[in-house]
Amino acid sequence: MKNLSAFMIFLLLSAAGTALADNADPPESVVTEAAEELEVISAVDLEASDTPEDAGGSVNLTWQMETVGSDPDSLGVIRSGPEGEELITTLPEGTVMYIDQTVDNGTEYSYWIVSYSGGYVQASSEVAAAIPSAQWIYRGRIGMLIILSLMAGVIIYFIESGKKGKELFIREIAGLAAVDDAVGRATEMGKPVLYIPGIMDMDDIQTIASMVILGRVARKTAEYGSSLLVPTCRSVVMSVAQEVVKEGYIQVGRPDAYNKENIQYLTDDQFGYAAGVDGIMVREKPAAIFLLGTFYAESLILAETGRSVGAIQIAGTAMPSQIPFFVAACDYTLIGEELFAASAYLSREPKLLGSLKGQDAAKLFFMILIVIGVVSATIGDFWSPLKSVAEFLRRLVTVN
Amino acid sequence: MNWEILGIWLGAIVTLCLYSFLYRDNPFYKFVEHLFVGMSAGYWVIYNIENVLIPNWWQNMFPPEGGFNGIWIIPGVFALFMIARILPKTASLSRLSLGMIVGVGAGLNMVSFFQTNALAQVKGTIFSLASGGVWSIFSSLVLVVGVVSGLVYFFFSKAHTGVVGRTANVGITILMVAFGASFGYTIMARLSLLIGRFQFLLEDWLPTIPRLLGLGG
Amino acid sequence: MRLVIPLAITFTAGMIMILNFFVPHQPFKFLGENLQEWYMIVASGAIFLGVMNLMHVHSRKIRLKQKNWKYSPVTIIGFLLMLVTGLIYGVAENMPFDYLFMNMVAPMSATMFSLLAFFVASAAFRAFRASNWRATLLLTSAFLVMLGQVPIGAMIWDKIPLAKVWLMSIPNTAGQRAVMIGAAMGVVSTSLRMIFGIERSWLGGAD
Amino acid sequence: MADFYEKLGNLDRRIIFVLIALSVMIPIIFNMVFPNPVGAEPSRDMFDYVDALPEGSNVLLSFDYDPSTMPELQPMAEAIVLHLFKKNINIVGMALWPQGASLGQDAMSSMADSLGKVQFEDWVNLGYKTGGGVMIVRLGSSMSAVFPTDRDNVPWSEIPMLRSITNLESFSLIISLSAGDPGIIQWVMMAGDRFGVPIGGGCTAVSAPTLYTYLQTGQMVGLLGGLKGAADYETLIGIVGGQAVRGMAPQSIAHVVIMLFIIIGNVAYFLQRKKGGVK
């Protein structure tokens, strides 16, 4: 009982305490008023400039706030242009930049920033003006544009010279030399050939390269008369694969042997696809498996299962993280660029071989760039003029 | 019916069925494999409708604030051309869509690969060898020699004999060391996935068995 | 003619994407941004083509009573289950579609992914044999990195983790860079062949 | 006998599968913890650098990850926060990833509660800001311009511990726990290279190799890579049986099993070749 009354007293006291605390409010507001007597700070160093490297219609504004004084409640951006003067936006206090995207190219606009406090404009900045315009080039990408055009020019030059029938040498690529054997073995054993074009869609350049190789493989399987299975992870890839394989069969005069059902879509799901392909591998027991295209983690799931059914496996990808698994689990692996060289190698067409020579020239260019860069940067540490050479080269290959 | 426990059981059953593949192909794996293919295909159809077709196409064409934006008919038409493949008569229309897809892909890949795979890597390789101690200089040298000789390995129009052959040999050697290292390094990440699945089976699923049998809480 | 129009579209689309990267000016900005989205829409719309093929293949299997046809209904039912729940209930959390995804599709994905733990082991056992000096290097560097990853490496010699870091940061970086730069050349050349119609077999056309 | 070696060399892979499964399962069931000696690794460099910071210094801790990479990065976050608090170093938390801010809050507030550290005096969470590298450059000129308030909208000027902080140069060290982009790379390029602030960090195992180059060039003072890095840090600051260290037990056993198989495979291969049993 005693406890209870003590508790009641405590409750009463604490309620009173809260009331007292409420009463303590006014002094605090006095403090606030005192602060308001300080001048409200305004924006300074306002700069307006055309947004660089855009399609126009945009002006960048930057400013700083004064440091001494009381903070405003909010900031307003005022623009004066052909449509007259208007408040274009209100920004929270502390903001120091704004991009106005409601302007027309070629017209001059003036801007100033006002500080609001208590609902009124208490301070205003200087005026700054800018004329928005559109640019024709990203300046940070000029170096890249030059190098890219140069390479494209060289590659196209070699393609043209290839077309003219210039004899071109190409070194042996073990994985591609084995394509015939692999298809031949499958035919002898009366087992199918399985072609896996990676898990990415048709916009992926490795998939595109893979489709080109599929065309060559299809011709071989048509010639030898073995069946070719192509499960795909994307609908568009399935469509292209159907076209390519059909064409391959037509070209060697075996359109009758083409079976559309062999080129099927499974699922867009990475691991659902892996599960489905694993199933095909253990049930159809292909004698040759091609894994060419873009692969992610599923690479080893496929390659190990393929290995376990005793197939000859030829893999190829430009994904640096997956190459090690293919190297470990497949008989032949096309590493990186070798995948892209495959269509030229298999077709032996002069114009395609020419493009390989163009690629070599491009690589040579980069090798020389690296060597000159490293040498000049190293010597530049002791003899400064060379340092600027290295700096120049680094800037050349920098893209912004 | 306890949906949560049912969910755990469904997850555990499909997990165990898929693991049975490690022993050999069997009806359990076949069942779950077929289920997986079907369900995931269905999932991606819905995903594409919900995350691409509705927000990126339909709502662009018919903005929620009203009106009609005619330019979005174009991708719709291209998509229809693609689907027109099912009828032999209209099949060749799909080539137009394929042309567009491959064009976008080729153009986009060309610049992005050139920027991030070529230029950025070349830039990263231009540095002074003369920094740090002997070991650091040696390492930098290995890096530069590795990149350059690796590129020589990829030369197609020169036979790998003589100086080119020897350099290409250095290149393939460094590639092999790199592949080995990368392989060994990834094992940990793969094991983590397996640990995650076993934790699910041992810590989430197993405890539900006594509960279902009415033993313990 | 049956190749000219598609190739013209490829050329135009490819050039727009390239110019879009270098030129901020209109109309390239507008076209470039739109084309990417259009591509996404077309590729997404094409999924119907894929699933129609999937349904066709499996119903045909059932009809012709091909090998393993008894499993084909599972695929069809699984597909319809997701499709119907997704269309009726939507994709919000705690709805049937989400429930099926979280409790079936996601565990199946995670389990397939985790098979890799077994496969890296069997691939390592079989492939890492010191049969020639290159294979020996592959084996040695893999072995050292594995040792460096786990405490036992540091127990044997405290420099082993350092060797791992060196292998990963020097030879591995060098190898990856060489592969990446080389591949970029292959990509540029393949893209050029596509954009300029030099390679056209992907359209099913003669080359 | 050559027959035996051949069999050994072509061992059924299912035996390997069983052993891998067991080596992961047993440590989980028995909750095993292994000792985790730390060699001369980047994680030790990281620890040494933090350990040598004087009491009362300010450290910027950026939580640049999201829940999907929590298993690797959250143990790091907790261990680093604990270490900094124990050393009486002030922590200014922030995030380049939206969900990082709340993950950071979890790590800091739970450690602060157990060590009696006071918010706004010993630690503060400024929250998430978009903009990545560009935003970091702005931090180099003025922190309060980018973060006028902390995560809970407490104004900068009302937080006592921030009085001594003007820009990035006010920090003795910046630590980024990074799951990708934006992350450590942006901190190194924008904060480290431009303003000369030492950068340390932690990252997922997958991205560690790319970041090792920054250690080589001295652009980073140390790095925790993946679960192993987290376990190292836990060991170095003396946590027994921490989250990351526990996760290392199945990893260790499975790694050893795989290495043993590689050895067996090679021994069998050589003995077989010696007997002339192989081509």
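Letters A, B, C and D mark the chains in the order given here, with residues in each chain numbered from 1 onward.
What we mean here is this: a contact is a pair of C-beta atoms (placed from the backbone, for glycine too) under 8 Å apart; a residue touches a chain by one contact, two chains touch by 3 or more.
It should be emphasised that the depicted structure is a prediction, and the values quoted were computed from it without experimental measurement.
K.L.:
Which other chains touch chain A while also touching chain B?
P.N.:
Both-contact set = C, D.
K.L.:
If we define chain centres by averaging CA atoms, which chain lands farthest from chain C? Would you check?
P.N.:
D
K.L.:
With chain centres taken as the means of their Cα atoms, state the distance from chain B to chain C in Å.
P.N.:
The computed centroid separation for chain B versus chain C comes out at 4 Å.
K.L.:
If you average the CA atoms of chain A and of chain D, how far apart do the two points sit, in angstrom?
P.N.:
Chain A and chain D have C-alpha centres separated by 26 Å.
K.L.:
Quick check: how many Å separate the C-alpha centres of chain C and chain D?
P.N.:
Distance between chain centres: 28 Å.
K.L.:
Return the residues of chain B touching two or more other chains; collapse runs of consecutive numbers into ranges.
P.N.:
Answer for chain B, listing residues that touch two or more other chains: 18, 21-22, 30, 32-34, 36-41, 43-44, 48, 82, 85, 95, 98, 101-102, 104-106, 108-111, 113-114, 118, 122, 124-125, 127, 131, 139, 144, 147, 151, 154, 175, 178-180, 182-183, 185-188, 191, 194.
K.L.:
Can you pull out the residues of chain C that are in contact with at least two other chains?
P.N.:
21, 39, 43, 46-51, 54, 68, 105, 108-109, 112-113, 115-118, 120-122, 124, 126, 128, 138-139, 142-143, 146, 149, 168-170, 172-173, 175-176, 178-183, 185, 187-188, 190-192, 194, 202-204
K.L.:
Among the residues of chain D, pick out those that touch two or more other chains and give their numbers.
P.N.:
13, 17, 20-21, 24, 209, 213, 216, 228, 251, 254-255, 258
K.L.:
Does the chain-touch network form a line, ring, star, complete graph or other?
P.N.:
It is complete, because no pair of chains fails to touch.
K.L.:
Give the list of chain B residues in touch with chain C in this complex.
P.N.:
The touching residues are 3, 6-8, 10-12, 14-15, 18-19, 21-22, 30-50, 52-53, 56-57, 60, 71, 74-76, 78-80, 82-83, 85-86, 92, 95-111, 113-114, 117-118, 121-122, 124-125, 139, 142-147, 149-151, 153-154, 171-188, 190-191, 193-194, 196-197, 200.
K.L.:
Write out the stretch or stretches of chain C touching chain B in their complex.
P.N.:
2-3, 5-18, 21, 34-52, 54, 68, 71-72, 74-83, 86-87, 90-91, 97, 99-118, 120-121, 124, 134-135, 137-146, 149, 164, 166-185, 187-188, 190-192, 194-195, 202-204
K.L.:
Please name which positions on chain A make contact with chain D in the complex.
P.N.:
Chain A residues touching chain D: 92-94, 96, 308.
K.L.:
Going by the contact rule at the top, pick out the chain D residues touching chain B in the complex.
P.N.:
Its residues touching chain B are 14, 17, 20-21, 24-25, 28-29, 71, 205-206, 209, 213, 216-218, 226-228, 247, 250-251, 254-255, 258.
K.L.:
Taking the touch rule as given, give the residues of chain C at its contact with chain A in the complex, in rising order.
P.N.:
Those residues of chain C that touch chain A are 21-26, 29-30, 39, 43, 46-51, 53-54, 57, 60, 67-68, 105, 108-109, 112-113, 115-116, 119-120, 122-124, 126-128, 138, 175-176, 178-183, 185-194, 196, 198-199, 201-207.
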